[in-house]
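Look at the two complexes coming up: chain A is in both, with chain B in one and chain C in the other.
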Partner chain A sequence: MRETKYWFWHIVCGFVMLFLLGLHMIIMHLDEILGVFKFAGERVLAFENVASRSKMIGFACIYVLLVGAALYHGLYGLRSMLLELSMIKPLHRLINIGFWILGVILFIVGAAGSIIFIIRFG
Partner chain B sequence: MKREIIFKILRYNPDNNKKPFYQEYKVEIREGMTVLDALHKIRETDDPTISMRFSCRMGVCGSCAMLINGKPQLACSTQVLEVSKKMIILAPLPNYDIIKDLIPDLSVLFEKHLSMKPYIKRDDIKDKEDPKEEFYQSPEDLVKYLQFAYCIKCGICLAACPTVATDRDYPGPMPLTQAYRYCVDTRDNGYKDRKDVLGDSHGVFRCHYAGECSNACPKGVDPAKAIQFMKRMLVFDYLKLLKTKKTAQCLGKPKDAKRMEGIPAPPEFTIK
Partner chain C sequence: MFKRYKNYLGIAGWGVGRRWGIERYLYILHRITGLGILSYFLLHIFVTTSRIFGEEVWEFMMRSVDKPIFKIGEFMVFLAFCFHGLNGLRLIFIELGFKLAIGEAEEPVYPYKTSLNKQRPLLFVCMVICIVLVILGGINFIRVFHF
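Let's look at the complex of A and B:
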């Protein structure tokens, strides 16, 4: 039943990414036209604008969630590919543990910036 | 109309050959001749040593499955002229070991099939082992699994599956379809015994939904559909949303039923 759980969250993360990545693309690439997310200054990718968005708890949540969803979705896909290589059984366990550790480390690295910023300046 | 076609057949005898090799035969083909007919002709006129499996010659037994011009098909229901008018290349089904020439070793297929417990499993052993009456199943209940019950276990779907090609532990389309076929059968309540194998790291979730199994299936079983349904069932179970189906019970003859007007009574039993 464990694989069902992993796969279900893989699909959920896919849908979450569809929404959040869309939002990310709109902020980064379409906002020059839309002008909705320029809270400080004219250029959407300027440090002042990035900083002003990062101070908002909503944006911080979006980015932490996006990092988590993208990592889980990507690592699950990579793990699936490795499992299909007909490796010996003990290696499967090693792959599972390895991917969890890798995922947690990458999530901490990815989310740290947002979390630290919001704690210090939010 | 007759036409001469070259048959390139993969030959391999593990006792004599280190590697498989192709051998060519020229065969005069009539319209309507199947690949199996052509193989019989080659064996009768050119080379009686070609080994192959066949039985019913009408697409029912599934014995003559082989790779015909790169596509896994039944030799008995594939007409030569529909495949090619020049050359036919024949090889045993891929994703299996070769026993000899065109004979694949299907023991892996049957082992995987058996691991899915492809039979009616019930909690009430007494009803199953010594049924006094028939289990009731409505036509609607039958339709839920009927398509998947048409499987003839020819092994073509496993030969077409890209996941089976890389992951030797993946059960493959046929065993997973049969697991689903029994899980939705109202006479069965063995889902709880099958779900661990199905939800294993090499179970249904390794299916990429390439759909090649359904394309190749000679009986229109659509294993890819059954696998997606199986995934849904497992996910619903994980979310505690799976409706527990009512297991079919034995149903005797209706006691107070009356014969409709105009319908004659059955004849008397000849043996009392």
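Let's look at the complex of A and C:
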């Protein structure tokens, strides 16, 4: 039952990412063709452009949600691949705990980036 | 609790499609692209968080990754995302068995009606959209870096 719940959230996160990461990809990799959310200057990665997006509460929320969804989806996917390798039970437990710790630490780093930026420059 | 079966082939089991169809190869590619995106994403978190230290640090970070190898890598990530996202959407549609035009999951009994008549057109639609996005991304890439 718990595995089904984990798997369900993996799908939900994948679906959420399709839109949020899709938006991120449109901004970053179709900037010359579509040019969306380029508020300051031509370079999409210029600090002025990055700052103008990061200062917006909506974008900050999107980034935090995206970091969480991407970490869960990615680490769950990798965990599933590792568990397929028929390892011994204690190793399963180690992988589960290790991935949760790694995920939480990376989420804190990623989310802190968005929150601290607004506090410092917003 | 799921019953776990022994994986006698190990990692080799992921790569050998043998008599299976195109879906099997998409499954392998889905895993490879997933691993690629994850590896990039873990580093991406640290690079993007550097913006909190101000413009100088950010521009220094951007200059350090402003090399053809990184740019090609970024395009590969875009390509991987297009494939992984659209193939993932296809998998969600099939897995959840929406009664649109796809049909619900059923026992894999020959001649696999659901797979061939309903699921495969979805596969082609997703892959065509993926190719269109990759071409657009490629044009953008060429425009930005003047290759």
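Keep in mind that, in the parts below, the second predicted complex is superposed on the first by the 122 of 122 C-alpha atoms of A that agree within 3 Å, B and C clash if a C-alpha of one lies under 4 Å from a C-alpha of the other, contacts with A are read in each partner's own complex, and residues count from 1 in each chain.
Assume a residue touches a chain if its C-beta (ideal position, glycine included) is under 8 Å from a C-beta of that chain, and two chains touch if they have at least 3 such contacts.
On a predicted model such as this, the values are computed, not experimentally measured, just so you know.
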Next item on the list: Would you sort A:L106 into first (chain B), second (chain C), both or neither based on which partner it touches?
Entry: second
Margin query: Which partner chains sit in contact with A:L45 here, chain B, chain C, both or neither? Use first/second/both/neither.
Written below: second
Item checked: Between chain B and chain C, more extensive residue contact with chain A -> C
Notebook entry, point to check: Counting only touches as set out at the top, which of chain B and chain C does A:G98 meet: first, second, both, neither?
Noted result: neither
Item checked: Partner chain in contact with A:K5 - chain B first, chain C second, else both or neither -> first
Item checked: Intersection of the chain A residues that touch chain B with those that touch chain C -> 3, 84-86
Margin query: Help me check something: in the complex, which residues belonging to chain A touch chain C?
Written below: 3, 11, 14-15, 17-18, 21-22, 25, 29-33, 45, 47, 50-51, 54, 67, 70-71, 74-75, 77-78, 81, 84-86, 106, 109-110, 112-113, 116-117, 120
Note to self: Residue numbers of chain A touching chain B in their complex, please.
What the structure shows: 1-8, 80, 83-86, 92
Notebook entry, point to check: Which chain B residues qualify as touching chain A in the complex?
Noted result: 163, 166-170, 195-196, 199-203, 205-206, 231, 234-235, 237-239
Item checked: Partner chain A, residues of chain C touching it in the complex -> 1-2, 4, 6-7, 10-11, 14, 31, 34-35, 37-38, 41-42, 45-46, 48-49, 51-52, 55, 58-59, 62, 74-75, 78, 81-82, 85, 88-89, 92, 95-96, 136-137, 139-141, 143-144
